[in-house]
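As written, the chains take the letters A, B, C and D, and residue 1 is the first residue of each chain.
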Amino acid sequence: MDCTGLCEVLTQGGTDPGLAQFLSILLGVLLVVTVPLITVIFLIWIERKIAARIQDRLGPNRVGPFGLLQTFADLIKLLAKEDITPASADRLLYNAAPLLSLAAVALIWAVVPYTPYHVGADLDIGALYFVAVASLGTLAIMIAGWASNNKYALLGAFRVVALLVSYEIPLVFALLVPVMLAGSMSMVDIIHAQSGMWFIFMAPLAGVLFFISSQAETGRAPFDLIEAESELVAGFNIEYSGMKFGMFFAAEFLHVFTNGVLITILFLGGWYFPGWQMPLIAFMWLGLKAFIPYFISLWIRNTVPRLRIDQVMKFNWFFLVPLSIVNVLILAFLVMVLKEIGWVPVDETGAMALAQAGFIELLPMTIVLFISNVLICVPIVNRLRRMGVEQRAAREQLRTQRAMAAGD
Amino acid sequence: MDVLNEWAFIGVFLVLAPILPVLPIMGAWLFRPKRANVLKSQTYECGVETVGDTWVQFRVQYYIYGLIFLVFDVEMVLLFPWAVAYHKLSFFAFAAGLLFIFLLTDALIYAWRKGILIWR
Amino acid sequence: MIQFDFSTIAFFVFAVLTLGGALGVVTNRNLFRGTIWLMVSLFGVAGLYVLLSAPFLAAVQVLVYIGAIAILFTFAVMLTRSLTRLNVRYTRLWPSALGAVLLFAMLVIGVIWPVFGGNELYNQPISDVVRTTTDLGVALVSGEGYVLPFEVASILLTGAMIGAIVIARDADEEEMEQ
Amino acid sequence: MVPLSWYLIVSAALFSIGVFGVLSRRNGVAVLMGIELMLNAVNINLVAFWRYNTTIASVTEPVPSELSGMVFAAFMFVVAAAEVAVGLAIIITVYRNWRSVIPEETDTLRG
């Protein structure tokens, strides 16, 4: 095993190499794991502020400057809340579910490259790793619903799991696109492949599909069936109170921002700041860009009404899934054709290598792929519009019929 | 060996990630009131007595969604290597992938036409 | 003798997870808990894959088993609700326990130990070279590789999906009629 | 490094536990779980033999046969998934028709 940085220092100081390595890994993990946990505290404040502005309110503004310390106040309040475990609950699983829920989101951060030189673990299966880890969250919801031993909790958990599971299909298909373009599942390699051109310009449709399905994965509006208050009391976490409820809450808030970071890495070029590769600038640049999808997500959440579950399911199975499959196939086909023509930058072995190409070399390829994506979208949007018009007309007709019947 | 080093990081992370959320819960245990009574620890159903079994019978629909998801998930097992290797593959490989996805879409189209995917 | 480095410790941890989880599966009365134990066990197997330098398989193991098969099992447990509380857990408890122990003893004493135990050849992997997911992808779809099984797998999945839908739908329609 | 035989022992133990589960449990779902354990034991064996036993010809140009273990394991996932999907569907249907999930009791087809 290699031993650099802190590990090297410790070994020179006379520590056993194995122990030194373990200590350096432990420190790294602590650093990486605290980033999301600290972030979430401020995310809650940011989200409440943004939501308030969208709804024409002020938001938290009492505790600390601009209400910045509101979250800490809430934290203290949560600490002092009574924590009730229902008598009929399965105690072990009931207590394990919130931990698993938060851990599932925090684990994603292990593969996030913060800067060119700082990444928790550069796994060569990074993209698959985060999908796999995120699926632990689904299991956590299932466990929470079952262990509460409450009809509504279980019913809510069932619905949510059916929803999450359905939206994972377009998510994974959209994920195939950056993986295919970069020729690697490693997050670092995917960022390097975007040094010339962001993938969002090559595959905007995949980016949008990924965004929509990750919005559904977090259970935010318009997909917030997780807490369809009017239908399901409160969903799977109905029996949870105090800090354990706070864990589910924190996991959800963190998940939204994590998705922003993932979209930034997969489609918006990650930390890659043109020209500079200073760690601090790269880190800020990543955070800044992650804020764009994060903000759009909040914007949607606060302005779009909740859909019914049958609508949500229909949207997924009859629209997102076919579209994401077609998208992957067309992209694969075009990449192959472009490679034959010679518009795709290749390395000496004839394999596609986007990481070695600059902006200009990538431009023709990007334009073709972008236009193809737009061409896929045009008939679909038209069809959607026609369907909408038809449905509205049908409803209008029904209403006039009823009015006539009432008039008679 | 350095591949395993990356995974050692994940391993330590895996142990720590559930432990860190335990800390605030432990902290809450110190501060929170502990006055449990029978009424409080009843199942929360808006004050109404629980009617019938908790494990109400569910529709097969849920299972079918899970089933289709499983099939697509397993498809990913074979499609991800295909996508990763795509940059060095030939046209033949594209045809193979196309056929693979096409065969699977068959099943989806079947489910589609039978009206199974509509939530009832 | 074996030196205790990271991978050895990790091996023991994952072996304990795998076998402990498996024991939980076969001894648990409650099937939902049994499913969770199954996931613990299969998670341990994923860890073993990592130690065997097949991280792709490990990720897939978590994705497929914990992400999908666990959900399917819990759905099935709920759909056949009486399963969660069973009075009779086992049939033929002692004969099958004896059979399983004998099988294990036979495998270890009869095959594994004599053939692989003392053999220096199998103490280390022959090569340090690790094949990546890219190589796997090339092997899967190249003409001289596994392209035929690749397509057949797709047909198998399609068949399984249609078959299972047809079977499960029957029950659904009966339910609707009632 | 852990020798190959240790992996084989873990795998053998897992397989035996799976066999025990399949033989002793009365419940259809539990039987399927036992089968899953057995399939995973087989998979560990496949990957372990592949890792410890494959001679690598050249570093850069892999021959497909050098990936046999991984490829087989990947196909095992497909088989396991198909088996679970159909198996559970059958159990659910049987339960709806017979109100029972115990394999021995659903013997209408017996002559």
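In this section, a contact is a pair of C-beta atoms (placed from the backbone, for glycine too) under 8 Å apart; a residue touches a chain by one contact, two chains touch by 3 or more.
Here the structure is a predicted model, which means the values were calculated and not measured.
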Chain occupying the middle, per Cα centroid: B
Pair joined by more contacting C-beta pairs (B-D or A-B): A-B
Cα-centroid distance, subunit B relative to subunit D, in whole angstrom: 21
Centre distance in Å when subunit A and subunit B are each reduced to the mean of their C-alpha atoms: 14
Separation of subunit A from subunit D, taking each centre as the mean of its C-alpha atoms, in whole Å: 33
Where subunit C and subunit D are represented by their mean Cα positions, the distance between them in whole Å: 5
Where subunit C touches two or more other chains, by residue: 6-7, 51, 53, 55-56, 60, 63-64, 67-69, 71-72, 75-76, 78-79, 133-136, 138, 140, 142, 153, 157, 160-161, 164-165, 168, 171, 175
Multi-partner residues of subunit A (each touching 2 or more other chains): 1, 123-124, 128-129, 154, 158, 161, 165, 168, 183-185
Where subunit B touches two or more other chains at once, by residue number: 3-4, 7-8, 55-56, 58, 60-63, 66-71, 73-74, 76-78, 80-81, 83-86, 88, 97, 101
Contact graph of the chains (line, ring, star, complete, other): other
Which pairs of chains touch, using the document's own definition: A-B, A-C, B-C, B-D, C-D
Interfacial residue positions of subunit D with respect to subunit B in the complex: 74, 77-78, 81, 84-85, 88-89, 92
Touching residues (chain side subunit B, partner subunit A) in the complex: 1-10, 12-14, 16-18, 20-22, 24-25, 27-29, 31-36, 38, 40-46, 50, 54-56, 58, 61-62, 65-66, 68-69, 72-73, 76, 79-80, 83-88, 91, 94, 97-98, 101, 105, 108, 112, 117-120
Touching residues (chain side subunit A, partner subunit B) in the complex: 1-2, 21, 25-26, 28-30, 32-33, 37, 75, 78-88, 98-100, 102-103, 106-107, 110, 120-124, 128-129, 149-152, 154-155, 158, 161-162, 165-166, 168-169, 172, 176, 179-180, 183-185, 233, 238-239, 242-244, 246-247, 309-310, 313-314, 317-318, 321-322, 325, 328-329, 332-333, 335-336, 340, 349-353
Residues of subunit C touching subunit D in the complex: 2, 7-8, 11, 15, 18-19, 22-23, 25-26, 31, 34-35, 38, 41-42, 45, 48-49, 51-54, 56-57, 60-61, 64-65, 68-69, 72-73, 75-77, 79-80, 82-83, 86, 88-93, 95-97, 99-101, 103-104, 107-108, 112-113, 116-117, 122-127, 129, 131, 135-136, 138-140, 142, 144-146, 149, 153, 156-157, 159-161, 163-165, 167-168, 170-171, 174-175
Partner subunit C, residues of subunit D touching it in the complex: 1-10, 12-21, 23-27, 29-30, 32-34, 36-37, 40, 43-44, 47-48, 50-56, 59, 62, 64, 66-67, 69-71, 73-75, 77-86, 88-93, 95-97, 99, 101, 104
